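Chains here go by letter, A, B, C, D and E, matching the order in which they are written, and residues are numbered from 1 within each.
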C-alpha cells in the first residue's frame, strides 16, 4: 500500500513577489509530477500541499503552523523571501521539521537552526570570480555600482560585489541606489555616464536590471560598457525586455537557461511545455530542491510517525552529497548551505553563454 | 550634466503629472481619493499592449484603446462601488475603502490572467533614436510624454472653465444638490468624470508602459503613493496643481539623486513636499475660500 | 467691555473694514446693522479670532485679544453663533450643548480614567444645566436627537443654546432671527432679553428691524466698512444716512 | 475534542495574536479619526515602536515591559514633533505630512546600521504571550470606554464635526489634535513592539504605505462612530484572508469583493451608533 | 387647469414623517404663499416638488402630468425652478458662472440677453461678476441665488425664504421683484417666514403645521385670520 508523502510548499503566489514565487512553485510541481510519474519514492507518491504566503511574514508563520499542526507535512519548502524566512523558519526549527529554502539568499538563514536548509546559490562564492574574470578580460580600472538598497537580495549582491571590487583593487567612481518598484533610473545613470566608468556593477533583480540597462543605452552609455550583475541577471526576461541593450551583460550562477547539458535541456523543455515560458533560476533551484529532498527521503524508511520521520529526514538530508541536478553537482556543506560550482555567464546573440568556467 | 538631469526630471515629472491628472479630477468632483487609480492605470497599459501585440497597432490606437479600457473600468468601479454610496449618507472615507477593494479585485484577477511577470512593448514599436537639444538627450516618446502632459492640462482647464459641461462638472464638484436644482444631471456628470478621469489614467499607463518597459500587474503601486503626494501638493482637485505638483516631485527626485544622494532620495523629496506644504497648507493651487461667518 | 480700535481689514485689494472704532458696554444688548456686505460678519470674525485684522486692536475686558487664537478668546468669555449655522451635525442636541460647555468642565484625564467623583459630579451638574439651556429654547424634548435632523430655524436656536452654554461674558450673535417667522422672532426676542437679564452682554447682527428696535439698547450702523451711525434705536432709525443706505423710507414712521 | 482544540490553537495562535495587534493599530488610528484627522503614519509609528522595542531587547537585554514602553514612547515623541507644526493646520494636511513621514522613516530604517538596513533585524526573542496582548487590549478598551462620555471625548467629536466652531467653544483644537495623534502613535508603537516579539523578525518594508492604508481600512470598514468599530473591522480583515485560503490564488479577488460589498451595504462601517433622528 | 397640484403627499426622513399627506395647488400666474413654523415641513415640500426627496405617498401633478418620482433635472427642464433655502450658491464658481449655470437646461442663444437683464436688476452682481461667489456677503449671495433662478426662465418658481438675511431695503426690493417676475408670467410658490410680506404679495396662502396643511384661504383672509395673526404675524 503506497503512502503519501506530504510536503508543504509555501511561496508568495499573489502580490508583487509572486513573480518569484510562482516560478518556484512551478519548479516544485514539475519535479513532483516527474517523480510521481516515475513511480514515486519507493512507491510512495509525493503530495505537495501548496499555500500562498503573499510575502508577508505573518502569513508565512500562519502557513507554517498549518503545515506543521494540521496538514502534518513531512517537510516544508519556502517561503520566498528571506524576510519571511526569518520569521517563519524558527517555528519549523522549534517543532523539529525540515524547512528548505530555495530562494532565501540572506546571510544567517541557516544559522536559525539545524532544521533549516537551502540550496539557493550563495552569491558570495561566485561573484568574486565574476569580478575577477571581468576585470581581467575587460581590463577594468574604474567602475560604478548601482543597486536596490531596500531589498535584502540586491543589497547582499552589492555587498559581495563591493568586497570583490576592493579585492581587485578597482576604483569605484560612483555608487547609486534605487528602490523596489522604481521605473526611472535616468538620474542615476546620467550621473554614472558623466563619470565614465569602464563597467557598471549592478545589484538588481531582472525587471529593474533590464530597465536599467535599456535606459543606460538610451542615455548614451555604449554597449561596450558592460553591466555586471548577480544571479538576478540570470533570467530569460533580461534578454526579452533588454533586447540588444542587454547584449554582453555578465553574471554568475551555477545554472543557466542555455546550458547544453542533457539534464538541463530536458528540464527546460518540460518546463516550457508545461508553463508556456522559459524557467528562470528560481524555478531551476526549486526543481533541483525537490529532487534533493527526494534523495533524502529515499535514504530513510518512513515509520508513519510524522514527528519521528521529520527528525530522521533532517539527518538524511544533511548527508546529501554530489547530487547531480540542472545546476550541476550539488552538496550541502556542514552549515546546510549550498556547495555548488558557479559559472561566469554572459549574453551572446540573445542567449546565455559561458563567459569563463 | 545638469541639462540632462533637467530633461530627466521633466520626463519623470510629466509621468507623475499624467497619472495625477485623472486622480485629482476624480477627487475634485467625486471627493474620493480613488485608490483604484493605480489598477486603472495598469489596465490601460495592458490594454494598449494587447492591441499592439495582437493587431500590430500603432501609438495612437494603443493610447485610445488603453484609454477606453481604463475609462470603462473606472466607470464600472464608479457604478458598482461608489455610486451606491452616493445615494446614502456615508463616512467620507468609505468610498476610498471601496476603491481599495476594487483595486485588490482587479489586480488579483489581472494576476490570474497576465501572471506576475513583466512585459514590454515590442522593440520596434517606437523609434529609439534620441534627439539632442543643447546637452539634453530625449527620445521622441519622452518628448511626446512631456507634450501630452502639458497639453492635457491645458485642454482640461479649458474644458472646465469655458464649456457648459465643464462648468457643470465644477458645479457638481462643489455641491451636487445645488447642481441638481439647476437641472444638471448630476449622476451623469459623476459617471462622465469617472470615465474620463480613468481614461486619462489609461493614457498615462500606456505612455509609461512604452517608455519604461515594465508593464506588470503591480505597476500601479509605487506611482499611486506618489500620486497622492502630488495631488495634495498641487492642491486637492486642482488640475494645474496635478501637473505642477508632478513636476515638482519629478524634479525633487531626480535632483536629489543627481546632487545629493540616491540613498535618501525618497526622504529628501517627500521632505521637500512637506516643507512646501508648511508654506502653502492647502497645496500650491489650493485655496480655502471657506467663509467663516 | 469690548473696545475696537481702528480696525482695518483688507481682502486682496478690497477694504472691507475701514478704521473702525467701537465700544460695547457691559450688560448691553448691542445691535450691529448695515447693508449686506457692509462687513458685519467680518467684524465678528475678527473679534472672535477667526480672522486677523490688517491693522487695529481688539480689547476685551482690558486685555488685547487681537492676536489670540479663537479658543483662548473663547476662554476669555466670548461666545458666538454663525451666520451660516455651524452646529455639530452628527452629535445629539445635548452633546452639542455639552461640547459648548467644554471650558466649564475641570476634571482631569486621571479623573476620567479612574471615574473619580469629581467627574461624576461635574458631568451630572452640567448635564442638567445643558438640559435647562435647551429648555430655554424649547429644544429639551429633542435632546437625544441628532442635530442634523433639526429644521433650519431649530438649528439656529441650537446654535444659540450652544453659544450660551459656553457661559460667555459677551455673546456675539449673527442674524439669529434669519429663517424665523415673526411669531418665532418675537419668542426669540424674549429669549434674548431673558439671556441678557441673566447678565450676559449681547452683541447682535440682525436685519429684522422689529427685532433690533425691540431688544437693542444701542445700535451701530456699518456701511462699506465704516461706522455711519451710532446711538439708540430711535436715533439711528431716523438718521438720513441710515435710511438711505439701509432702511428705506418706510421704516422711520 | 481537546486534541482538536489543541491543534487548532497551535495552528492559529499567531493569527489570534495578529488579530489583537491589528486591533490595537485600528484603535491607534481611530483616535486620530475621532478628531477628524487622517493619519497615514501609523504604520511608520508601529515600525519605530517595533524597532525600538526589539533593539531594547536585543542590545540592552531590557525587560520586556521596558522594551514595550520604549517602543511606545519614541513614536509618541516623534508624533509630538511632527504633530505640533502640522496640526495647527487642518484638512488633508496631516495625511500628507504622515505620508511623507512614512517615507522618511522607511529610508532611515534602510540606511541605519543598527536596524540592519534592508536585511532587517532577525532573531528577536519570542517574548510576547497571550496575556500581554490581552492585558494591553484590555487597558485600551477601558481607556476608550472612559473617553467616550467624557469631556475629552466630546471635544474630539466636536473638532471632528467642525473645527472652527469647536475653537469658538473654547476647545483648544490644536492641543487635542496633537494629543490624539501622540496617543495614537504610542498605541501603534506598543503594538509594534508586541508584534516584533512574536514574529522574530523586522524589516523596513513592512511598515510602508500599503500597511498604513490597511490600518485605515480596518477603522473605516469597522466604523468610526465608536471604538468597537475599528476592533471589529480589524478582526474581520485579519481573519478573512485566512478563511478564504481554499480559493487559492483568487482569494484576494474575493477579499476585495467582500470589502466593496461591506462598504456598499454598510457605508458607515459595520458597527454604527444608533442615534435617534 | 392647475399648474401644480400636490395630492396627499407624504415624505419621510428615515423614520420621521415630515409631510403627512399634504395637498395644495398653484394655478397658472398665481403667487401662492406657504407659511408655517420652523420645522413644519415647508422646505421639505419644496424639495419633494423639485425631486430632491422621494415621496412615500401621494402624487405631484404638473401641467396635468404626474411628475412624482421624476429626476430633479427633468423637473427643472419642465420649468420648475427652486431658489433653495440658505443661499445654496456655488462658492467656487464665479458669480457670472453661477448665473450661467442657472441657464444650464436652456439653449445657449438667448442666455446673454438674459444675463444682462439679471445684471440690470442686480447691479452688485455685475460689479462682482468675476469674483468667486463664495466671497459675496450673505445678502449678495441671496441676490445671486435669485438671479440664477431667473436665468432658467422658470414657469413655476419655488422660493424658500428669499428674504432671509437681507437688509430691510433689499427685503422690500426682493418682494417687489417677486411681484414683477410674477407679472411677467411666472407662477410662484413662496415659502416665507416673513408672513406679513408673503401674504401681501400672494393671492392665496396655505398654513403648514407639523406636516399637515391646517389652513388654506385667500391671502387677504389669512391676513385677518386670528390664528394666523397670533401664530405667524406676531400680533
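Simple rule for what comes next: a residue touches a chain if its C-beta (ideal position, glycine included) is under 8 Å from a C-beta of that chain, and two chains touch if they have at least 3 such contacts.
Treat the numbers as computed from the prediction; the structure is a model and nothing was measured.
Here the chain-to-chain distance from chain A to chain B, counted in touching steps, is 1. Ranking all chains by how far their C-alpha centres lie from the centre of chain C, first place goes to A. Computed centre separation for the pair chain A/chain C is 73 angstrom, with centres defined by C-alpha atoms. Chain D has its Cα centroid 35 Å from the Cα centroid of chain A.
Chain E has its Cα centroid 29 Å from the Cα centroid of chain C. Inter-chain centre distance (chain C to chain D, centres taken as mean C-alpha positions): 41 Å. Counting partner chains per residue, chain B shows two or more touched chains at residues 108, 111, 221, 263, 265-266, 291-293. In chain C, the residues that touch at least two other chains are 41, 50, 82-84, 149. Chain contacts: chain A has residues 14-15, 149, 180 touching two or more partner chains.
Those residues of chain E whose C-beta lies close enough to touch chain C in the complex are 13, 16, 35-40, 43, 85-86, 124, 135-140, 142, 161, 164-172, 192-196, 230-234.
Put simply, chain D touches chain C in their complex at residues 142-143, 146-147, 149-152, 154-155, 157-158, 161-162, 164-174, 275-277. Interface residues of chain C facing chain D in the complex, by the touch rule stated above, are 48-50, 69-71, 74-75, 79-80, 82, 86-92, 95, 98-100, 102-103, 105, 107, 109, 112-113, 115, 119, 123, 144-146, 148-149, 162-163, 166. If you check the complex, the residues on chain A that touch chain B are 14-16, 18-19, 21-22, 149, 176-184, 186-188, 190-191, 194, 207, 210-211, 214, 218-220, 237, 240-241, 243-244, 277. Residues 11, 33-38, 41, 83-85, 149-154, 157, 175, 178-186, 207, 209-210, 246-248, 250-251 of chain C are the ones that touch chain E when the two sit in their complex.
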